[in-house]
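Below, chain A partners chain B and then partners chain C, in two separate complexes.
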Partner chain A sequence: MLHRRVYQFLIIYFTGLAALMLMKYSLHLSDYTIPGVTEIWTTCRRYFALYLMAVLNTLCVAILGHLLSICMATIVGIIGRLTIWIGSFIRVAAYNIQAYPIVAVAPIIFILLGDGLSSRLLIAAMICYFPLLLSFIGILSEPVKEIEHFFESTRRMNWGLQVKIRAFENIHKLITVIVGSATLAMVGTIVAEFIAANAGIGYSIRIALYQSDLAKILVALFLIGICTSIYLVFLEWLGWFIKKRFGTI
Partner chain B sequence: MQRKLLQKIGLLGITMILILALAGCARDDEKSMEEVNYRLKWLFNISVVGDLYAHDSGLFAKNGLKVTVKPGGPEKDAIKELELGHAQFGVASADQVIRAVSKGAPIVVIAQLFQINPLHWIYRPDKTPLKTPQDLKGKTIGITHGGNDETIMRALLAKYDIRESEVKLFSVRYDYTPFYQGKVDLWPLYRNAQAPIIGAKLQKAGERFALMDPSKLGIRFVANSVVTTRKMLEERPETVKKFTRALLQGWQEVLKPANEQKAIDTVLKYNKETPEEIVRQQLPATRILMMPTPDFEFGKIDSAAWRQTEEIMLAQKLIPVPVFVEKLLKPVGEK
Partner chain C sequence: MRLELKELNYKYPGSVGDVFRQLNCQVTEPGFHALFGPSGVGKTTLAKVIAGDIRGFGGEINLQRIHQILYTYNLERIPGWYCIREHLESITPESNRQRLQDLVDSFGLQPCLNSRFSQLSLGQQNRTNLARYLLQDFDLLIMDESLANVDEITKEKIILKIKALFPQRCFLYISHNVVEVSKFCKQILVLRSHHKAPQAVSLQGQDFNGQRVLKEKDLEQSMLEIVNAS
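Moving on, here comes the complex of A and B:
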């Protein structure tokens, strides 16, 4: 599974790079506008270790942010499934918060939390939690009548049991959406680093942009792609393991 | 009845012919104008007032040019647009130009907009008295990693033999909170565009502020200049001359104290978010940076400052080898 993900990424990356090179050499563009192969290779050798550490740093924060967003989506989903006023209020609040562009909310987050790890985590979680939330609310609001009816008629139903039944019955959907939102967690963390942090690959990309250094950005994109592919494969494996453990496959 | 109808049709026909003729004339006029795109370095604000004035007052049109002035921004790079042919003229900072040329970009500098780099550091003189550069020791200084201000500050520290371990460099971004909270002693900003806004906030809070100008401490790092491609200069020298003439005239006129209101109105036309009183404060600050003396010839290229900029970049290994910056300077508009 891993090697398939990685070579698929490599095909996409090198196709993009080839398109850039085609443009560079057909339009006779300088290395400033599009760096040549030699410059990209030199930059790669020089910055690989540094950028790898930065990407790993970002990946760690993305994983934490992803976990945080799963927790946020679960909590909001559990409350939001209620048909009473608080459920409706939580749903509307969750949708409204998502509607704000993160660059506008970021200064408020920095004032409240500073520009360290907590801000990066929160921004990453905010960017990736919405697709999770939509699925979680949908799944947790949808009754599994044939099972719930039994517990309701025997008066053994409580909110915890209801959530467990609905989550278990929709485990495939939940795993798919969790895996799918992993890339958003990575993107969210990079955005947070770009606008706020002093570490991570987003911060390195910001510096490279100030220096108009596309070669550095291409190296960063390569490492981001590889690391994201590995994380996705891990999540897919975890999903497969959970499904197997609960006997749904 | 029929006669009246014929008269009406005739009148209508004549009117239509006149309209078409006039439209045709207008098209002919426009056809005779040479179209060029001009990419600015930043968004429409006080720092581009002369560019906008040259456009709005018809100075480009008088020189036979139809210029589309495009705002810049953090993600826009005029030099790349010149190479790709999306623009014929652009504004770029000196470090951008030198970096681009060191990587083979075929560009030349035709005029220098800022004579003094607008990048200064704001500080509170009551809390952080700075009498000599040595007073920087022990201070927390804001810099943007990878930005111009980092290069300038490192050059300043090197010039006065201040080791980096003797100061604390703080990574800054657009949020000024660490400076307002007093966590950072010196914060980089643009003297003409941002200092009036930040200074007003400090004054409102009852605090005095001052600005540290690196050029007064011997670091003359060139800021924005007008650039074009070498090919453009060689193949269309008349267009380059006409563009530069109109542009410099626009700047020269709009910066005259007598034209203060015109300058303010021009900025406000394109930038409705900045209050008029702020623009009124920004204008004299811009004038000082661009025309240090009233009789200054606008757009003059300061070769010595360009050489120093290149030396700083070489010393900090921002470029691998010298680019011999004098070769890039083509002051077509200078008398």
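Moving on, here comes the complex of A and C:
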């Protein structure tokens, strides 16, 4: 699983790099616009360790933000599954609010919370929260009648059992959406760091951008891709383990 | 024990046609009874009305000495995180613990106990589902195609076991099999299209309990009456 994802990433990355080189040499662009292979390699050797730490920093925040958004989506999804007015209100509100771009709200978060960890965490969580929430609400508010009927008839049903049945029956969908939103968490964290932060790979990319140093950006992109692939593979393995543990595969 | 439906009227919200129009029928004693009729005539709807799963109908349902009604159908499933043994043990009331092993043996569920529901055959799934309802406290159990996909020999064994174990309870068995309905049921409510009057006809079945010899002629007579009525 890991090697396949890494191979896929490497193919895409080096195809992109080859396209850049093709552009550079066919249009006779300067090293200032698109650095040569030697310069990229030199930058890589010089900044690899520094950028690796920055990517790991970003990844940690992304994982925390991802966990936070899963918790929030679960709680709101549990309330949103209710058939009374509060459930209906939350469902409608979730659909409406998710249409609002979080990046547009990000400056408010930075003004209120500053450019530290809390802002990065919050933006990362918010960016992957809404896709998760919509899926969680959809899954948790959809009755599994052929299982729930017995528990309702015999008056054994409670909210915990209902959530457990619906989550278990849709475990494949839940795992897919959680894995999918992990990329969004990483993207959200980088965006947050890029807008205003004092750490992380997004912050490093912003500095490289001000220096117009494409070699640094390419090194950063390489490390982001590798680390994100590893995180996704870990989540897929976790999903596989959960499904195996409960006999759904 | 009495279940009486008086002038029952019902149509599904948004639909044009009635499902029931002035339907009258009654079951006046405990036993293994049947609800029979062609597909689409409203057997499942009637079962859900009696069980309280469907409301908003016209007419009356009078119940005497029937407090707990359960309705089970053949597509029900058990949560996937349980194996059959864990589930049956977790849903069996303390007062019915002794019945558990008896039902497991007579329903042929012993080999399935350590399996998950999804690993069972359709027949085993239906038997497991029915067994867990029989472990509950009930006065009336409506069995909607609950023994579908079960072979004839096992089906007979199960029905006879139910009749022996619960002589004072009321069962309403929904089936399309005219032979088993005629053979095992005491009273057969034949449900007909709402264009026909009366919409429900009550007939006597052979109520076979395994302790007497069943005359082939009587069985054929019952089957003929059911076919003619439906």
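The criterion applied here is as follows: the second predicted complex is superposed on the first by the 245 of 249 C-alpha atoms of A that agree within 3 Å, B and C clash if a C-alpha of one lies under 4 Å from a C-alpha of the other, contacts with A are read in each partner's own complex, and residues count from 1 in each chain.
What we mean here is this: a residue touches a chain if its C-beta (ideal position, glycine included) is under 8 Å from a C-beta of that chain, and two chains touch if they have at least 3 such contacts.
Note that the structure is predicted; figures quoted are calculated from it, not measured.
Peer 1: Now for A:Q211: first (chain B), second (chain C), both, or neither, which partner does it touch?
Peer 2: Only chain B; A:Q211 stays clear of chain C.
Peer 1: Of the two partners chain B and chain C, which one touches more residues belonging to chain A?
Peer 2: Comparing touch counts on chain A for chain B and chain C gives B.
Peer 1: Mind working out whether A:T33 is in touch with chain B, chain C, both or neither, as first, second, both or neither?
Peer 2: Only chain B is touched by A:T33; chain C is not.
Peer 1: Which partner does A:S153 contact after superposing on A: first (chain B), second (chain C), both, neither?
Peer 2: It touches chain C, and chain B stays clear.
Peer 1: For A:I165, decide between first (touching chain B), second (touching chain C), both and neither.
Peer 2: A:I165 sits against chain C, while chain B stays out of touch.
Peer 1: Pick one for A:F246: touches chain B only (first), chain C only (second), both, or neither.
Peer 2: A:F246: touches chain C, not chain B.
Peer 1: By the touch definition at the top of the document, which applies to A:F234: first (chain B), second (chain C), both, or neither?
Peer 2: Once the two structures are laid over each other on A, A:F234 reaches no partner at all.
Peer 1: Contact-wise, after the overlay, does A:Y13 reach chain B, chain C, both or neither (first, second, both, neither)?
Peer 2: A:Y13 contacts neither chain B nor chain C.
Peer 1: Looking at the complex, which residues from chain A come into contact with chain B?
Peer 2: 27, 29-33, 35, 39, 106-107, 110-111, 115, 195-196, 198, 203, 206-212
Peer 1: Enumerate the contact residues on chain C facing chain A in the complex.
Peer 2: 51, 70-73, 75-81, 91, 116, 118, 129, 132-133, 136
Peer 1: Please name which positions on chain A make contact with chain C in the complex.
Peer 2: Touching chain C: residues 146-147, 149-150, 153-154, 156, 164-165, 168-169, 246-248 of chain A.
Peer 1: In the complex formed with chain A, which residues of chain B make contact?
Peer 2: 74-75, 77, 79-80, 83-84, 96, 99-100, 103-106, 144-147, 171, 173-175, 177, 318
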